[in-house]
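Reviewing the structure listed below.
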Amino acid sequence: MNVTRAPELELMPASEAGRKFADLCEGHAAVFADRAADYDRNGVFAFENVQDLQNSGAIRATLPTQYGGLGVTSVLDLTVGINRLARGDASTAIAANMHLSAVWSLARQWQYLRDHDGHADLSAYELAFQLLGAGALICGAGSEPGTHVLFPLTKAVRTEGGWLLSGRKNFVSLSPVVDAFNVLCQVQHDDGNRWTAAALVIRDTEGLELKENWDGLGMRASGSHELILSNCFVPEDRLTKVGPWGEWTSAYLAGASAGNAALVGAFLGIAETARDYAINLLRTRRKGPSDRLLAERPALQHAVGKAEIDLSSCRAVLERCCRQWDEYLTRTEPDQIQLDHAHQLMKELQCTKTFVNKGAIDIVDVAMTVSGGSGYVSSNILSRLYRDVRSGPFMQPFSPNEAFEYIGKVVLGLPPDVE
Amino acid sequence: MNVTRAPELELMPASEAGRKFADLCEGHAAVFADRAADYDRNGVFAFENVQDLQNSGAIRATLPTQYGGLGVTSVLDLTVGINRLARGDASTAIAANMHLSAVWSLARQWQYLRDHDGHADLSAYELAFQLLGAGALICGAGSEPGTHVLFPLTKAVRTEGGWLLSGRKNFVSLSPVVDAFNVLCQVQHDDGNRWTAAALVIRDTEGLELKENWDGLGMRASGSHELILSNCFVPEDRLTKVGPWGEWTSAYLAGASAGNAALVGAFLGIAETARDYAINLLRTRRKGPSDRLLAERPALQHAVGKAEIDLSSCRAVLERCCRQWDEYLTRTEPDQIQLDHAHQLMKELQCTKTFVNKGAIDIVDVAMTVSGGSGYVSSNILSRLYRDVRSGPFMQPFSPNEAFEYIGKVVLGLPPDVE
Amino acid sequence: MNVTRAPELELMPASEAGRKFADLCEGHAAVFADRAADYDRNGVFAFENVQDLQNSGAIRATLPTQYGGLGVTSVLDLTVGINRLARGDASTAIAANMHLSAVWSLARQWQYLRDHDGHADLSAYELAFQLLGAGALICGAGSEPGTHVLFPLTKAVRTEGGWLLSGRKNFVSLSPVVDAFNVLCQVQHDDGNRWTAAALVIRDTEGLELKENWDGLGMRASGSHELILSNCFVPEDRLTKVGPWGEWTSAYLAGASAGNAALVGAFLGIAETARDYAINLLRTRRKGPSDRLLAERPALQHAVGKAEIDLSSCRAVLERCCRQWDEYLTRTEPDQIQLDHAHQLMKELQCTKTFVNKGAIDIVDVAMTVSGGSGYVSSNILSRLYRDVRSGPFMQPFSPNEAFEYIGKVVLGLPPDVE
Amino acid sequence: MNVTRAPELELMPASEAGRKFADLCEGHAAVFADRAADYDRNGVFAFENVQDLQNSGAIRATLPTQYGGLGVTSVLDLTVGINRLARGDASTAIAANMHLSAVWSLARQWQYLRDHDGHADLSAYELAFQLLGAGALICGAGSEPGTHVLFPLTKAVRTEGGWLLSGRKNFVSLSPVVDAFNVLCQVQHDDGNRWTAAALVIRDTEGLELKENWDGLGMRASGSHELILSNCFVPEDRLTKVGPWGEWTSAYLAGASAGNAALVGAFLGIAETARDYAINLLRTRRKGPSDRLLAERPALQHAVGKAEIDLSSCRAVLERCCRQWDEYLTRTEPDQIQLDHAHQLMKELQCTKTFVNKGAIDIVDVAMTVSGGSGYVSSNILSRLYRDVRSGPFMQPFSPNEAFEYIGKVVLGLPPDVE
């Protein structure tokens, strides 16, 4: 044992699988960092980066090991990997998370069925895993303009042997390369009630149109395009009911945990890169008339102190939240999760999301400030990070507009309904 | 008298000249708003806008009336006009302010000499005013990389009949169209001490190179290029000493007041546009599942309330600061201004700059937040305002890094030296 | 003219009457400051201070000059005077404001009737003014536990020759010495609807009980006791209808302007005292090991800079709001005030209240921080200011809980109803 | 296993010893809560509470089990216990921490010597532990007016058989009941250099005077009196050198970890009590005119949401910091701790202290705000919590004035010297 090993301050994975994933991601991040400026300037999807993730196997991190994956199951592990990727290129990180978190959720269901239900037919999972192991990519398509994600307006209408889907999804990151979309939609139940369902729609399905129109302030290489569905046929067994339309379910809340936490990790990664850039700048640049190192100026030390408090607290908050989910999900079977417990944890996750997204924005802002103007020119990395990091608050399932109300209601013991 | 006239909440000019200027600027802003997105996307200078300002006479607002100007002399009036311009296009507003504030300063010197010194030779001013009346444009060139504006590194070296200037200036807004640059530089005094001087360098001077490389996160149409001076000849009478190099003088502080205050007005204007956009969006857009107007959602009312407090306070702070300068400059002759009084007012101006720039950024941020993601796409006006408004803190003479220290020292009665 | 007169940064009165009032108050503040610690420690009402205000005539500032008052009518002037008083003792300032603002409102009604209604019977006003000129004191009694001030629960029931009032009021500052209470109550209209009314209840009325139980965290010398009314008889002509119960009226909003703005001035005064104390401490105290003056430490300069930005902005915001009310009330007759205009101005006042109360709290907090612990002991003035200043947000008519919503609704054009 | 066990959101101890300690403290807190108002009003030391801690054994938590203690060695465990105590009475918690953390430090030294130095004479430790096991109480005396804790001005001068101590210490919590004070002082080294030393001064030593003058804004039952030392004799073996005067050492930094972290836990405890009080109030109180539960008002839900984000993040930040210290101290022998590693961890602790103290203040402030004025009266628990929680930023070793600079310097790789 090296007794003089330094304390570890950054987020660290919880398991061996997580460590492998994080290592791969750190390697990718170094390469992605070099490509990021070009992708950003041209607003094109990061095809090469995804190819690299395929080649290394990082994109299969959440796939069970039997199928060629790394077998990452911990919320913290997924979060750490995405955090590392985002240090190099946040667009790629949030796009990759689309696939990784969808597979995480699938693997979790499969594992439960395998272990608890001797009669369950797992063949659909096995087929899916084989395809995923061979390189297939999927992504969720949840957001829609004009409604909350809990109330999808996209409709699935019964037809012979399956369903016909019609609707419009936006912010579909990773869309340029996925083989299938996991589309949240509503179905009319036999008893007349509406249900929310998830339908896996294969890319070449007739009626599916990807409008490659993503042109954002930031996250420009994420391919967050619009998806138009016009009577897309989905076979019976590719549509799964999630729960009553507009109602929270413990399955929904738990299923969203890893993907949402990992997204938060991405924004932390942006902040870490901005902070490291600024620290390095302050430690190497001098300014007249005294020509002292910038690092020696008290006002800049103060600014760095402020940013460090933000960084330290963001890491702590995200880590604790991931551990809480991991601890709870490990000791609680999917069918035993109580809705109020899931809301308690989702409340913590929304506290975390709100806190870390704001903290990350503030850290990048301080980095911009201490750059003294050099960070404001387009060729400077800070000008990209400043735009990328601002997308954090818009991520699902709660914008800052809604998060305070949700958190407040859960704390006050009121039903956290969405209007 | 219309007894039911509503209270006036926005900044209003102080004089008739100011009202004319503000009216012209409001008219321009409406037109500039339509052009702003294209200029921004392409990163090109707003040539048409400047032509419009020439045609209307707005660009001559601070020129004495005898020479075809509007005769604006009030700090508040200049600030209100720039505020109005910035509502349409902030790049144009800060570029125009370069010229307007330089002429404001010139006119103030001329007026004093004319009124107090019967023997003063005013011919240089008169020639300048005639040229300016005929459409000539000038801009200051103060900033340099690696030093504080109080310590210019650009050097003026004596030569036959004048000076040779060499150095490098950045962030020279309006540079694509100006006829001359007012360059801050240092000269070696006869007694060996260094002085700061201002040298008027004509555009076609040999050795002057404008590097048209401005490519910023925002303010993309401002033409804030770099200016390289290599032994540029400046005739004797076009170089004026400002004060000892690196020392504050009351002349410097007073001369900077109008231009700096007006810049703050520009950032307020950006915020006003963002806020109006957001209010309009909330009053017209509905969202599922309840389909209520966004305006009816308590969380969004709360956000609007927060932004309104920011707006109301930014307006108040900027107005009071301008009035204080106007009151002081009106009752105090230029040669009677005490350095400590000038620092008191500059301290107020730095409080104002720090406060309003932050408030403006916060208002745009709230507008972005309540847009619910729609403001994050490049085609939305908010994505431009979000980038433009972030340049405010970098404006001269104090970045946020330095402003707190300067303010604190003035309050504590310590010499506010810059290191 | 003294050309070297320094810029004036503190709030200044608008008229000659205001200047007289402010001068008196500054004189009082110096004396009150010496008594404040004892009053605070013992939690007793500031009887001597009120006597001083009687002796000097300051307490009659808003009484018309014909009746021995100073004739202060400007919102700004009242605010400046209360601001000055609060620098010495905030408890006395808010107590005195109870009387001063009530008389301000009365004088305003009288002036309007006198100038516009040749047939109005002004004898009641004249009698009241004679009594007030002879030293009578009154105060409003608006707040009640468990309801919003717009919905008083205290009831006035018709009886022979007048009304019988029953209810409970709290936070009745100045109550130990007033001769009459102006009680907000509800009456049943002939058509069955409820109205809000103001009833003047003489101190020795049977059924009136003052529970001298005020024991607050701060403002301990303000005598903000509870008032219990049990079938108190009020003659017909001492009850005036204000408007429909629970509805905003322009009369209510305009009538509340001066008193509410002046309260904000009191909290600014607390902050000014804390700030001056801290500045003085930093300029005179040294600390080891370097034994440098505290003022020379960059971290403390930074803190002072932050507090100065708060102070400068609080002054600006409060001044502008007062001027807007003054400007509007001067050019608009009471019966011509539109409800939406009154809401616009009240919205500004609520922005001002929210902003300045927070700013004042922050300034005192910075003063506490830079005191390095010495401010935390009970004998230090900061420990009183820290407690006093915290009462600001609780002042009528909107707590911070409600202010954002009110402001947001007014801005969004929605009816600002109180639930 | 109860599969439906709820997620655990509060801080939890790390070991069995910690659990015992936390359980005892929770029991005490319930009782202390009832006594807190009286202690606070009368400003007297909490003698009964300390007696209870003696009786239960909680006060011996950090004493090794061989000597009758609970054997708590984890930084997190100590922090959790103090956190629980503070929920009932923060004055008692910080006073008890004086003893508990001093013994923690002693036990840590003893354990190291015992395990690594076969020849070490442990008899002094053993005697001390026997006395402590029998109920003796000690406290540190570090703070002095006018200097930083790293530069004690109290002097130890050589005398026959020991030292004579003279100086003045303040904020000596627990002083009314301790049997000995651990006094930080400076000694002249043989080579002429000054060293910092810790001297154990028995209570009845001649020349020791405890000025029982503690009268603070809050923490009124903590007995944080002044200690005057006038030539107090300290035998040779009761003075231990700590390191060069004014220099950081890894021993100093590591020795301060548990006590400082636990203090932060106390302020978190105050915030938790305030928050629970507010939540309960909102869930049970109604307000007119609508008479809805306060909990149902969106503005109050928003406020609760904000406070919850603060609470959640404060818990996470404190827990992670404690775990980092525990992890490092567990795997690193005391004599192997590198100074730069210790600064890294102390930097994290200062981030934590700054963050949690501010967060705790903010949470109490929100509780005060949502109380709508009822929390502002002296009899309400919030008015005590509001005063108590404000002492947090003054705790050693860094005030907010110094913390940013320290943190900034460590991050920037500069020596974090104190001026």
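Quick notes on this structure:
Order of writing sets the chain letters: A, B, C and D. Residues in each chain are counted from 1.
Here is the rule we use: a residue touches a chain if its C-beta (ideal position, glycine included) is under 8 Å from a C-beta of that chain, and two chains touch if they have at least 3 such contacts.
Remember, predicted model here, so these are calculated numbers, not experimental data.
Averaging C-alpha coordinates per chain and comparing to chain B, the farthest chain turns out to be D. Set side by side, the interfaces B-D and C-D show unequal numbers of C-beta pairs in contact, with more at C-D.
If each chain is reduced to the centroid of its CA atoms, chain C and chain D end up 42 Å from each other.
Chain B and chain D have Cα centroids lying 52 Å from one another.
Residue positions 298-300, 302-303, 404-405 of chain D are each in touch with at least two other chains.
Contact residues of chain B toward chain D in the complex are 298-299, 302. Taken in their complex, chain A has these residues touching chain B: 145-148, 151, 153, 171, 215-218, 246, 286-290, 292, 297-300, 303, 368-370, 372-374, 376-379, 383, 386-387, 390-391, 393-394, 399-402, 404-405, 418-419.
Those residues of chain C that touch chain B in the complex are listed here as 1, 3-9, 279, 282-283, 295-296, 298, 300-306, 308-309, 312-313, 315-317, 319-321, 324, 327-328, 331-333, 336, 338, 340-341, 344-345, 347-348, 351-352, 354-355, 403-409, 411-414.
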